[in-house]
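Worksheet: one structure, shown below.
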């Protein structure tokens, strides 16, 4: 900061340089945005997976998930067994005027029934119409992208790691057995000779 | 000197008729009526700020009158000093000391008759003086007599001493204004030395309350 | 000069008064956007949003005109015109090219310009007072204090040029211009341009309309067309300031091929300066109110006085 | 004393009254422009006055108190200083046009320096008194 005014000149240089650079504006309605994976656009429901466990509705900080269900008794397959009951989903709705897109419901769902969809253009003209029923939520399922591939540098998933460990152990045991057998064979040969 | 007088316009009585006024004279009269009207409204209106604004109209009309008399420089001085600063100063003062919108009867002082008497007396004096001094002489408006250059030549050849005295007067006014404006709170507020720029002072330091 | 010619020149001035500020405003949209890595308006008019301000004007004309219940109606409604018209009158006398390419030559020249521009303060004061809003009043007082403080360095710097040229007529000043005036009057040019910027309340001198403190200063209560007129007066002010700086300090139409393209030189210089105005707006943050006042009185005025002394001494030495 | 009547001044080109007639004409045109645009505005705009709309705007909440706030008197000092200095500055213009002319020269320069010197002393006094600074 030797010369007085050099800071001012630096400021001018910054804005001038920015003007010469390419802009970062995306012309949205003309050009669709390039959304990253796991974009939190809207929550989609895979109804078939839902067991009406109510975990999502209970964990939702905004209480914006409405679930109605009834119990249905299934006739027992075996006459000796008890009849089974099962929950049937009557209503699954999310009020997106309340939702704060925290994603807790997606996290807690034990049966992979809730997913993030990148679909974000679901504006309505009335705030009451932002409560979307299960049909709409099911439709959004089609827009859910396949899960992104694992990062090649990431740690292995636990299941695979355990399986691999077991397999490695088995392989090692097999190799050891083979080696022992081979040794025994050579000793026998040696004894013979 | 005589050249300058000639430039300032002939004061000889000329063979002019009141019955065939030129365009400039008509405009002059009309603007004069406007100025008079604005001035009367300015002193009679009961709304403080409106009075100041009517004063703007009156003073602006005067500037136009100067222009019509070819006193170009004086006209723009009128605009710059009276409209641009004196009236603004007046408005400033009014707004700082609560100028309510609408009528302000409490601002009415009881000495209307006295004011009227003083105003009438000074008007009568001025009218008598001007009528007596110029009588039926006509100013020759064909040459522009009030340009900046002519004013400058006149000022710096004949009126240097009053000009220098004026600077002393202005200095006195300046000092007086500062002394008056600081006499109330002088000394109570701890000011840093003038001319020094304070930098790097944290804003948490107990300073005066921020204005708005 | 017959009536038709005068009328044409006046209408031409009015057209310039309506078009040039829009050009500056549109340039501001785009320049500011790109300096912030954005694109700015892109739709109105088709090509890069060139008609955005025209569209804005159409919108403003159709907007409701709200006069607050507590306001002083007539003064409130009159204020935008008082703020706007001085700039129109000033634009008439700014010379564009040699040989009569000017709306109208007025012998008092700069003096006329500065005097008339000073009237604009009244518009702000009227607006602020008549709004019956304390923020407006505060903004009006700030505006008035700022305009008065910065008018003075402008007067002094302009006087310095008048000294150099020996005349106050604007075409006369450009006629007398030599290239070495630029370094000679450099301080004056800086003072004039900076003070003009402050007088227009452009950032970084936009304390009177500081939105984070006093909403929009004196113009808080204005809507629709009246608001648009205040904005128009701001941009017309940019045009006038840049045109004046060009004429007084940068030699107006002087440049290569000045006989044929003199008017183009004036325009190019004016728009280059207008670009600088926009550039400064994007780059610098707002000055604090007390810094603003101190800058005028303790930096610009002493500088202007120094420039006056320099001009006087050199002028007498060379004559 | 050498001076040229304005009509003969080539830079001016036209008579004095013609020049100001043009200025007056432009002023009339400007007023007409304002009137026409407001007439258009009156024809085009809606008028839906609601009491909320007519309230003073104070950051979106209901206005507190009245339309006047206590303000610092400091602004006034600047206005006062300007009046004094403006009177000073206007003398610069007639002086600027003549001081280098024949018959004036250095003496006039010194006269003006004395004049400005007094004012500069005033400015310095104001500065030293701390009127020009707040903090």
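Chains here go by letter, A, B, C and D, matching the order in which they are written, and residues are numbered from 1 within each.
Throughout what follows, a contact is a pair of C-beta atoms (placed from the backbone, for glycine too) under 8 Å apart; a residue touches a chain by one contact, two chains touch by 3 or more.
Small disclaimer: the values here were computed from a predicted structure and weren't measured.
The interface with the greater count of contacting C-beta pairs, when C-D is set against A-C, is C-D.
Taking the mean of each chain's C-alpha atoms as its centre, the chain lying closest to the overall protein C-alpha centroid is C. Centres computed as Cα averages put chain C at a distance of 12 Å from chain D. A straight line joining the Cα centres of chain A and chain C is 58 Å long. Mean C-alpha positions place chain A and chain B at a centre distance of 78 Å. Chain A and chain D, compared by their mean Cα positions, are separated by 67 Å. Residue positions of chain B with contacts to 2 or more other chains are 72-73, 77, 80, 84-85, 88, 92, 96, 101, 144, 147-149, 195, 211-212. The residues of chain C that reach two or more other chains are 70, 107, 111, 132, 135, 137-138, 141, 144-145, 148, 151, 167-168, 289, 298, listed in rising order.
Of all the residues in chain C, the ones that touch chain B in their complex are 70-72, 75, 107-108, 111-112, 114-116, 118-119, 121-122, 125-126, 128-130, 132, 135, 137-138, 140-141, 144-145, 148, 151, 167-168, 213-214, 289, 298.
Within the complex formed with chain C, the residues of chain D that make contact are 6, 9, 11-16, 18-23, 25-27, 29-31, 33-34, 37-38, 40-41, 44-49, 51, 53-59, 63, 65-69, 71, 74-75, 78-79, 81-82, 85-86, 89-90, 92-93, 95-101, 105-106, 109, 112-113, 116, 120, 123, 126-127, 132-135. Here chain C touches chain A in the complex through residues 31, 33-39, 42, 279-280, 282-284, going by the rule given at the top. Those residues of chain B that touch chain C in the complex are listed here as 47, 49-50, 53, 56, 72-73, 76-77, 79-80, 83-85, 87-88, 91-92, 95-96, 99, 101-102, 144, 147-149, 195, 211-212. Interface residues of chain A, counted against chain C in their complex, comprise 8, 11-12, 14-16, 18-19, 21, 23-25, 27.
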